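Heads up, the thing below is written out as structure tokens.
Chain naming follows the written order as A, B, C, D and E, and within any one chain the residues start at number 1.
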Amino acid sequence: MTSSTSDPAVSIPLPDADATNGSAEGRIRVSDRDATRQAHMQSVGQRPGTLQIHPGSLNPRLFLISYDEDFFQEREYFDYDALLAFVRENPERRHWIDVRGYNDLPLMEQIMNDFGLHPLQMEDVLGDYQRAKVEIFDKNRLFMVSRMTDFTSQWEIDDDQLSIFTGPNYVLTFQDDYDDCLEPVRNRIRSGMSHILRYSSLYLAYALTDVVLDHYYPTMAAIGDYVEALEDRIFHGRTDRRMLSRILHIKKDIVRFRRLVYPERDKIAEILRLPDDIVPDDIKVFYKDCYDHAIQAMDLAESYRESVTSLVDLFMSNQSNRMNEVMKVLTIISSIFIPLSFVVGLYGMNFQRENPNGGINYLNMPELYHPLGYPILIGVLLLIVIVQLVYFYRKGWLTNN
Amino acid sequence: MTSSTSDPAVSIPLPDADATNGSAEGRIRVSDRDATRQAHMQSVGQRPGTLQIHPGSLNPRLFLISYDEDFFQEREYFDYDALLAFVRENPERRHWIDVRGYNDLPLMEQIMNDFGLHPLQMEDVLGDYQRAKVEIFDKNRLFMVSRMTDFTSQWEIDDDQLSIFTGPNYVLTFQDDYDDCLEPVRNRIRSGMSHILRYSSLYLAYALTDVVLDHYYPTMAAIGDYVEALEDRIFHGRTDRRMLSRILHIKKDIVRFRRLVYPERDKIAEILRLPDDIVPDDIKVFYKDCYDHAIQAMDLAESYRESVTSLVDLFMSNQSNRMNEVMKVLTIISSIFIPLSFVVGLYGMNFQRENPNGGINYLNMPELYHPLGYPILIGVLLLIVIVQLVYFYRKGWLTNN
Amino acid sequence: MTSSTSDPAVSIPLPDADATNGSAEGRIRVSDRDATRQAHMQSVGQRPGTLQIHPGSLNPRLFLISYDEDFFQEREYFDYDALLAFVRENPERRHWIDVRGYNDLPLMEQIMNDFGLHPLQMEDVLGDYQRAKVEIFDKNRLFMVSRMTDFTSQWEIDDDQLSIFTGPNYVLTFQDDYDDCLEPVRNRIRSGMSHILRYSSLYLAYALTDVVLDHYYPTMAAIGDYVEALEDRIFHGRTDRRMLSRILHIKKDIVRFRRLVYPERDKIAEILRLPDDIVPDDIKVFYKDCYDHAIQAMDLAESYRESVTSLVDLFMSNQSNRMNEVMKVLTIISSIFIPLSFVVGLYGMNFQRENPNGGINYLNMPELYHPLGYPILIGVLLLIVIVQLVYFYRKGWLTNN
Amino acid sequence: MTSSTSDPAVSIPLPDADATNGSAEGRIRVSDRDATRQAHMQSVGQRPGTLQIHPGSLNPRLFLISYDEDFFQEREYFDYDALLAFVRENPERRHWIDVRGYNDLPLMEQIMNDFGLHPLQMEDVLGDYQRAKVEIFDKNRLFMVSRMTDFTSQWEIDDDQLSIFTGPNYVLTFQDDYDDCLEPVRNRIRSGMSHILRYSSLYLAYALTDVVLDHYYPTMAAIGDYVEALEDRIFHGRTDRRMLSRILHIKKDIVRFRRLVYPERDKIAEILRLPDDIVPDDIKVFYKDCYDHAIQAMDLAESYRESVTSLVDLFMSNQSNRMNEVMKVLTIISSIFIPLSFVVGLYGMNFQRENPNGGINYLNMPELYHPLGYPILIGVLLLIVIVQLVYFYRKGWLTNN
Amino acid sequence: MTSSTSDPAVSIPLPDADATNGSAEGRIRVSDRDATRQAHMQSVGQRPGTLQIHPGSLNPRLFLISYDEDFFQEREYFDYDALLAFVRENPERRHWIDVRGYNDLPLMEQIMNDFGLHPLQMEDVLGDYQRAKVEIFDKNRLFMVSRMTDFTSQWEIDDDQLSIFTGPNYVLTFQDDYDDCLEPVRNRIRSGMSHILRYSSLYLAYALTDVVLDHYYPTMAAIGDYVEALEDRIFHGRTDRRMLSRILHIKKDIVRFRRLVYPERDKIAEILRLPDDIVPDDIKVFYKDCYDHAIQAMDLAESYRESVTSLVDLFMSNQSNRMNEVMKVLTIISSIFIPLSFVVGLYGMNFQRENPNGGINYLNMPELYHPLGYPILIGVLLLIVIVQLVYFYRKGWLTNN
């Protein structure tokens, strides 16, 4: 997950129907292979709590930030045992152990055992498809899952899992990505002036949850820009199939985003309901703020969903408008020329003035013999055209509306 | 926010498809850059409680109304310390400190500290995108957020935040606008006869909440007028793309309005559930009245939403009707003249009466040699036209329905 | 409110698209100026509890029915003080004071003070747009609001407010209409044999609530008749714009009706939950019956809403059918005559048999020189027509379906 | 209510658009005069608890089944007093008194008084439009309402009311139909081996409730068959107006059915929540089974509703398909013959080879004088036709899709 | 139920409109005869708890797996008594008695009596249409129902019932299928290392519930593949009726799947709420994991439902697009050739240059006598064509969009 693509300041290139849209087949799928589906497939019928590494996982990298109000150290460990030793030797300090990448089953099991994590929870961590939730081991230890979102350059919402275990003096996080959206938290610790240094490890967990939640807004902003780009296209009359696919696809993504945020809100609400000896009141104040943000994110998603639904209406109406336009051209040209064709056909008839018997049929198309027959006819034809044009103009069919 | 534009007595000029619609690009957006989105963007990853001034904020102006049952003073202070001193020197009086404009961070922080506001709440105040809510510090102190709405001359709902802090003998309000909809409350205080003078500062907070709620009705009325103007247009057959954009846009706004009012209702319900020692029964009676108003506003919004949904149906049906009309013209003209063209084409054929061998083919188009051939044909053609017109008339295609 | 128009026995004249539909502009509005909106507008920013007379209110008339098991007196008082005196002098009797029309502010204030009504409640009474609700002063005194409905000859649901205050030995009702739907209750009192004479004043309040609820059924019946009339029209193929407006309008009205009944049900449910010393069990039995009726009315409204939604589908399908029909006529006529025109055009060509050089081009249209050329061609043309007619008949395009 | 028509084994004749559909006017109504509406109309403003016989009620017939574990007697009484005497003389036996038909007001009042029924409940019985519900008098006496459904040969859901009063040793049922769906319960009693003989009268009430619930399934099956018949028609391309009316009508009926079952479920849930001394645990087990059945019936109704909604989509798509087909025929024929007509018209022009001045205009239509002019032209015309046919074939317009 | 067809690795053959789709009549039904409906039909009015074998049931086969931490035995018994004897003789071991097939009523009754099952529950087992639920006999004994799903090669969701009874030392399961999805659980027992060997029989019940839930994912994956196959077809412009039938059919199936999972979730939630002495905390941890899975399955189903709804939109838009395309061809060809036909008709008129009186009408179609008349006309015709093509090209009608 790179935060650059989701920067709303970087203008999103308008989706272009001619260009391939990033997928190999050059087309957009309304439904696409769900990561959840894939992830689940491999563990059907497995013993619960069986640890399994998702194929494509990254090799784990271990980062440790240790701090107290006077101390700060940040480094990457290439040896887990050294990290563990440091943590154990400094029980009075607080530690943020950040594991990025899962692709080392024995290491994962060792961490699980060293930190006393439940196999089912470790399964949730590695499965990488868990909804936001909170679980309580005992007074000092919580397990939280957050989902970090991103709007990719393929105009899809990407979401990654951040698993947070809190202990008395440590926070242990897992994610399957080397880049993340947590850098602002690290910077606040590095600055040496953050609340994080003063409050318990639960506050660090809050800060992580909060920064993930805050990151929903750039995602939403990118979606908003994309929806607007689509709307511009539609407003200018684009009605190709690809456009509708795009609208329906982003609609589905917005709905999925909303489904990501709902459990986030419920998770925070559950934290707020925890007894005070687990989550003290002075930390709950901060979670309450989180709660407001989660609701605002849901409101925003709801609002986008409605915009997109309106786009579908606009698209359909455009299609209908196009048909109207096509029909109007047909009708105007046919209505003008078909009667004219009849008239000129009339005078193409071969009724004979001379009777075979020698007489003259004066009633058989005398117009053809009139010296001004042709000019008068041309005048009549022009009159017909003018009358019809006036009629169509009055109906408003000649204006481009 | 100026209350003049929302005055329903001033007739709203009908939206005109030809005129630009007030936005620079001269077009209507179904989805538009959300203020919330913008506001959130700048604080992603910030330490919670970090105060930040929204760009475009106004320079703060400080207004103080001090009163008790015998005393009244109203003035604008250009020096915050003088204001604070006056408030502190008159603890037996009640004070309404009205801060308009946020663009002075040190001043905001000073106010926060002097009045003991929580940084997270101050962040809510300055962020300017908080849903209606109520929070309780302690027995005497509440923090309420209301959203003031307005229907702009661009036919959009504009909403501003009013933040209200109540203390034992003061009410502290924040808003980022010099004009507001609170003037009626000031007039009631000025009149010297209001309940506000007799009840506690909580009653003033109620009066402010109530006047904001009351102001929803002119907003709704303006929306209603606009919806009716749109309906008139549609009823007269307008089917241009811009019309549908407008309908969908106002629909989105109405839904947003409803989402503004829901938390308002919930806020009041929460106040009604507060224990009596925080909100006494004689003040709850007034909040109960507020509650009824909030529900009525929601009902009204719901009713408008339905009207607008009906407009979409009407619009779509109009589009279909137009197509029907176009098709009918095409069908009537084609049906009449194509057969006629065939007949005249028939007598334009060159079948030869004289056999090259000298004989006469009496069966080859004898009509052409009949003395009355042409007049009879004209008669037949007229008959065909009349039969068809009768047929179409019977079908009701000739009437303008 | 006159009960005659809502009598289902009187057949509702079918709405006629040609006739004006009762409104001055001769057209139907999907959204129309809401009374609620109007009513609220004038009191924006007013002190709560400020009494205001709705413009267009009637001049008040005062009616008193006094009764106990042995006594009955019914008269209209033109002097409020006389009425009040009679009520005060007969504390052992029960009194129903019926105030019709609000247009006398001092009188309203006097009644409010004499009967100890709360200004906010009096404001609700005079505002005339309050949802159904119940409020309790103290053990003996309730304030209930019911909404009386009527289906007007303009095919709109009209609703008026009935405000009921109960006291130990009196019931005080307010309504802004001289005619009402309460006559059956008066008749039951007049008959001298009603429960009303035996039970407390709360039973009279019940009887009034019940008769209002019962009156929902004729309203519904009238709506039902109207919906059926619309359906008949649509079934016979009417697709004019006005028809859709009517459908959408009555749909909105039905939804509004449902929103009227919901609070009615909630009001009764709240009464049922009141403690037994306020509403005794033997009276709750009757309210429980009311509750069932309210739910049935909601069911009925729900059912009508669905019927009307179906009508929209039918209407849209009709529009599509009409287009189909128009297209079929065009297609049949074009498909038959355009090929024929080609054929006759073919033999109108001037390919020359005689070569300018003197030779004879035997291949240039020898058909024209065949003695039976013309009759054979006529045969061929007929064959083409017959083949096509058979084809269209098989496709079912010639039948009127 | 006859159970034969709802037998799913009897194949339902497919609805035929040509045949009248059983109603006098030969057309289907989406909304039809509701029995509830009718029933309510006559009692507007009536004293609550006023007994009224619904016009069209049957003359009452009285059936008594008396039994205990050793005794069984079943007969029809033509004299109510004899029945009552027998019941009173046999207090140790259990009795099922089955009243069919209400049309004898004095008898109904006598039964009400003899069995101590509340007038409001008796009103519910005779009104015949009460939703399913349960009410408790005292420990031994319950009042339950069930609704028995049937799918008539008019393809409508018919529902009748079964009112059940339970007493210490009797069950008193009311219904306004001589035939009913309760025969299986009677047979189980007659068989002498049923639980009914061993358990209290509450078990008989359960058995009656259960058999009514079970009877929902044949009703649903008949609806299902009908929906499938409609689907077959639509699948074969039927798009007449009548078809859509039918779909919308059965949709409304299914929704109504669901609304019948919801209160049934709620009724049973309420019985399950009753204290054990009123409904013992060993009987609750059976009601729990009922509860599962009610939920399954609702699921089934929900599933049918969705099928019918899909049918509307199919129908609309069919209409659109038909239009497509019509348009394709028009387009193919026009596209082929209009250009051909142009070509033959071209060579029907009269440009003169001979200059009036005597010269020869060699450029004026030399084709006409070419010896192979006509055969070459025929070849060109054929080529045009072939090219177009290939084009249309490639577009897939010639296949019947 | 065979697990092979639901293996997502096996690519699902794309549904082909030409091929028959597996049903005898060669067509897809949106609504199909519901198994539930069938199953219920035969027991209408039956005594509750009457055991009945569903026609088409398999002959029962009895499998026993007995185990403790040191012992393992798995065999099929052909003699129920021998099985029962073995279970009774080994009370210290745990037993999983797996009954597959119901078609032996006396055997079923014997099992019911031997294991003390309630007749109503046995009825649920044999009825085979029970929603997921849990019921508690007493501390040690639970009755659970799960529904096993499969996506058949007919592209339909098939669901079978798994009934689980737990006892102190046994688990008794019923299913009407010889193949099942429980093999992974058997393998875990066979491996000798499972938790199942260590925990109580309730854990085995959990393992069975969990494996059924896990099996939902392959079913969902198969549905997902099918939806994508449909989407590909639609994206490539397929608009035949059969395609819409398929979409609506799978939509209905997805909704049905969701309705299968909801009760599953509720069942697990109910188990989680059971007191600790019935379901100990260390087993609840596992059920909590199940709960998360159930919610994820519901989310997935919800997501598919939305995809399918989008497909309907795409399909409808495709239909409209096709019509647009047809109309454009018609309009382009007509607009070009109809005016041309008029022009050539014009010069096919027979206005006479020679006056019958001998004079020359110089104004009667002098163009015909111009030496370059014909070439100039051809030029004019070409110009008309070119102008029109440019016009249509500018409108974008010539590109395939």
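As a convention for this text, a residue touches a chain if its C-beta (ideal position, glycine included) is under 8 Å from a C-beta of that chain, and two chains touch if they have at least 3 such contacts.
Predicted, not measured: the structure shown is a model, and the values here were computed from it.
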**OP:** Spell out the chains that contact chain B while also contacting chain D.
**Re:** C
Original post:
When the CA atoms of chain B are placed over those of chain E, what is the turn angle between 0 and 180 degrees, to the nearest 5?
Top reply: 145
Original post:
chain B to chain C: how many Å between their CA centres?
Top reply: 26
**OP:** Would you kindly tell me how far, in whole Å, the mean C-alpha position of chain C lies from that of chain A?
**Re:** 42
**OP:** Would you pick out the residues of chain E that each touch at least 2 other chains?
**Re:** 320, 323, 327, 330, 334, 338, 341, 345, 348-350, 365
**OP:** If every chain is a node and every touching pair an edge, decide which shape results: line, ring, star, complete or other.
**Re:** ring
Original post:
For chain E, which residues count as touching chain D in their complex?
Top reply: 27, 29-34, 36-37, 40-41, 43-48, 118, 120, 123-124, 129-131, 133, 135, 239-241, 244-245, 248, 251-252, 255-256, 259, 312, 315-316, 319-320, 322-323, 325-327, 329-330, 333-334, 337-338, 340-341, 344-345, 347-350, 353, 360, 365, 367-375, 377
Subject >> Residues of chain E touching chain A in the complex >> reply: 8, 181, 183-185, 187-188, 194-195, 207, 210-211, 214-215, 217-218, 220-221, 224, 227-228, 231, 235, 237, 285-286, 288-289, 292, 295-296, 299-300, 302-304, 306-307, 310-311, 313-314, 317-318, 320-321, 323-324, 327-328, 330-331, 334-335, 338-339, 341-342, 345-346, 348-352, 355-356, 359, 361, 363-365, 395, 397, 401
